[in-house]
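Here it is, the structure in full.
Each chain carries a letter (A, B and C) given by its place in the written order, and its residues are counted from 1.
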């Protein structure tokens, strides 16, 4: 079995990163010019990394599937970004942010990485302010903060309900500056199809131009994958339509280990599903839980009447409402972490107390807050969210409670990386949501933006040099090499195969089927049976897909059906991998809840003795089961405890 | 600075300055015209003053240049703006909620221009121009009673109606043009926009009613 | 409110611009869709049409979209004479079918501008907007070595105005709506955001000069102040930004 080396620097936790930076190898400016880096993805992680590499003097090529780098899905993050600035003087510190993140992740994240993340969080804020990101400010002109689930301090920086947008535009502007300088070359509407290895090292990629369909080759000394998360395996999620796990899967198939695929986050505050035609789910920012109170009716007959439309929520008297989060978790109340809030909602709905026509929704009520603070204050805080809700549902949340239900939102799992963010393929790095990341089994709100930017601005620009310093003698690679030919051919073949099937069902049909299996059996509550069934069902869908999918149009043209087919093909494998990982992990932790493992009160029950490890999956061929490797997690600075949000 | 004049913003600056200059001219012109409502002597005297005053004489070519610049840039901008849409145009005309005048500044301008020619031919050529020619020692027929000329022309209902059309085209041009000129010069913000719009509307009404008063007066009295 | 009554599906006639690629000539095609739920979004309605087309082995209608929640700026579409359709303050992906009447005919066209050539069907190339940003829509700071975030207090009013401008999603509706296909609102939003913040003041002169000349070079039209851009901007960005850009530009050029 391969020994996984996380390359965690020695020394006390708080000194590791400083120590690393002080002793790592660097590349001198004259040599940087000779080295090429490919960055796939222009989200926070990719754009920040590419801009920083460009500033340092490397030659960078960056790719995205949208028409502009500014449209990466990071743009959609609403709530905010954490940092341990302690501007509010409420007792925050790097250690506390580190501690909250590890605890929030249910003790399944790597200590050293998380500590580094907390450490550089403060630099991120400084960096973004300097770029002109218009963070919210108070009347004294200083930066404002809000609080977020899973924390008892106010450490979240925000720009109205558009924090991700503003941070991404900041990174995009830095990227644009490097593009103008010529340091970075931008390839938009260009999808990565394959990773090219030469002598076991990542040396380039094959892409497909989305407009012309041309299959193209790009070489480099190192490749950074920052392609975001794979929530769309579930078909319905809060992710953008183009978000996909395909790029990561393509690297997995070339030998990069996939870490913790079963860890996905289900966000508690999304607008409930409303019809079969639904294409995606909309998130209502978690910040709403600061002032909104979550409830369902106490009486089953009320719930029935609400579902049938015979009663309105405002007609349910106070004493007949069950504020179940406040009841179960007095200390954190409505601000418990996402996984806890999501499961609690599911528990109530499963018990028959759900509302909306489908019975799959709970109320998020602002009546109290409006009474206490006035409509103006609520409008200033959440005006745009309320408006968005009303546009979608036609309900006015100032007058009637919102309805929400959990939905797939984020993938903690991803390509396994070491302390340097390098995957098991030398020269291939993974950043942002695409790596298995620092969030363990559950991510706290406002921490993904932090991680993406930390990886891109402050980690990769250092660690990649440690690798590239050994590559300065290596001349640029020709894309005529056999390795490129082979990779190109395999892409062409895959495309030809899909185009030639000419079956009966659209791509969406299969992705939808997969999504349903994933949601029902690999979703919020998993069991050994459900997972075993899921694996068999996914295999069947996959088989059917390769025989019966219908891709219209031509291969050499703008063809969204083909794009979707290529991604869905990978999702059909990723889904199975997720189910396998979930089946293996016989415990409940964070976003992974196995019904067999719960406390009598229904809380997640970890099995630390057996499962305190990162599961890393190695691809072994199309018809082979993947092989499991374990990276043990050692906690030196933190005392492990059962997560407790009650007191 | 050569490229400055060709930048989109500078072209609009020139448009707005020339437009503003023309708006000032309209006020002076209106002031002179309105005296006709009061007495023949006064009006003739004002005309005489206008014909002979040195400042005014210097300003006439400046005014002509102002018009020329405004019109030249109007043509340039309108042409460029037309081209910017590209070859394939929308099948459904824009339904955005915008003021009608703002979309039709060129058409309005052309109506104004058409009248301008008529106006120059009927009045200016027989009044100020003659004095100027005379002053330059050329053959001229100085008009010592412009009041009568005005009276006769406006006594003709067709002419008066044409004149009124012009005035209302001008009204539309100005309701948009007034605040738009400030905006183009950068002298606007969210607070000032409504104020400028009010000021522009008042200005346009004053000009339009003022100029209308004369033909109506001569038509009916 | 709670929907008790049965919602009636809509039957619609769609006139959609179809064009094979950038070089070919396009034309309008007519399609019928039946029983569209008033609760579904405009793009979900097109998804349903596309499923039907795939069923018939026809090529689905191409349109740009991604986040489907009104923030990425990817969706476009000129619907019945208005960019992003007949509702204000939203993008096409947020337009819901309840704004249409049963039996209605809907015209769907791509953004039209010389600077945005059509790539296919309803998809246009908007990289011109990126090119303008590349000319100066940034603050020239390198990663690291920046002062503390609170080192420089910023008047809340200015921070708020900067945020108003920064809300631009770069969708290009302003260009599509403008009778002159002008990009002033887009450019001025970025110029304003950075001009209002002390961080951006340092390069304000070079920025506005370069961005405006790039905008002109790319073939966008001039501004007639019709305010169509403001009326159609899904983020309701104000033309006061254009006035600010004008000021910035003239002052910059005067100092040259």
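Throughout what follows, a contact is a pair of C-beta atoms (placed from the backbone, for glycine too) under 8 Å apart; a residue touches a chain by one contact, two chains touch by 3 or more.
Computed from a predicted structure; not experimentally measured.
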{"item": "Chain separated most widely from chain A, comparing mean CA positions", "value": "B"}
{"item": "Centrality ranking, top chain (CA atoms only)", "value": "C"}
{"item": "Euclidean distance of C-alpha centroids - chain B vs chain C, Å", "value": "37"}
{"item": "Chain A-chain C separation of Cα centroids, rounded to whole Å", "value": "26"}
{"item": "Separation of chain A from chain B, taking each centre as the mean of its C-alpha atoms, in whole Å", "value": "62"}
{"item": "For chain C, residues contacting two or more additional chains", "value": "none"}
{"item": "Complex interface listing, chain A residues touching chain C", "value": "48, 51-52, 55, 66-71, 73, 75-76, 85, 87, 123, 125-143, 159-160, 162, 165-166, 169, 172-174, 176-177, 179-180, 186, 188, 211, 240-242, 274-275, 277-280, 282-283, 306, 308-310, 312, 357, 387-388, 391-392, 394-395, 400, 457-458, 461, 506, 508, 550, 552-553, 557-558, 560-561"}
{"item": "Residue ranges of chain B in contact with chain C within the complex", "value": "1, 3-4, 6-13, 77, 80-81, 83-99, 102-103, 105, 176, 179-180, 182-190, 193"}
{"item": "Residue numbers on chain C that touch chain A, as the complex places them", "value": "1-4, 20-21, 37, 39-41, 43-45, 47-48, 51, 53-55, 57-60, 62, 64-74, 87, 89-90, 94, 96, 98, 119-120, 123, 125-127, 129-130, 133-135, 137-144, 146-150, 152-156, 159, 162-163, 166-167, 169-170, 193-194, 197, 199-200"}
{"item": "Interfacial residue positions of chain C with respect to chain B in the complex", "value": "15, 17, 26, 28, 78, 80-83, 86, 107, 109, 112-118, 177, 179-182, 184, 212-213, 215-216, 219-228, 231-232, 238-240, 242-250, 253, 256"}
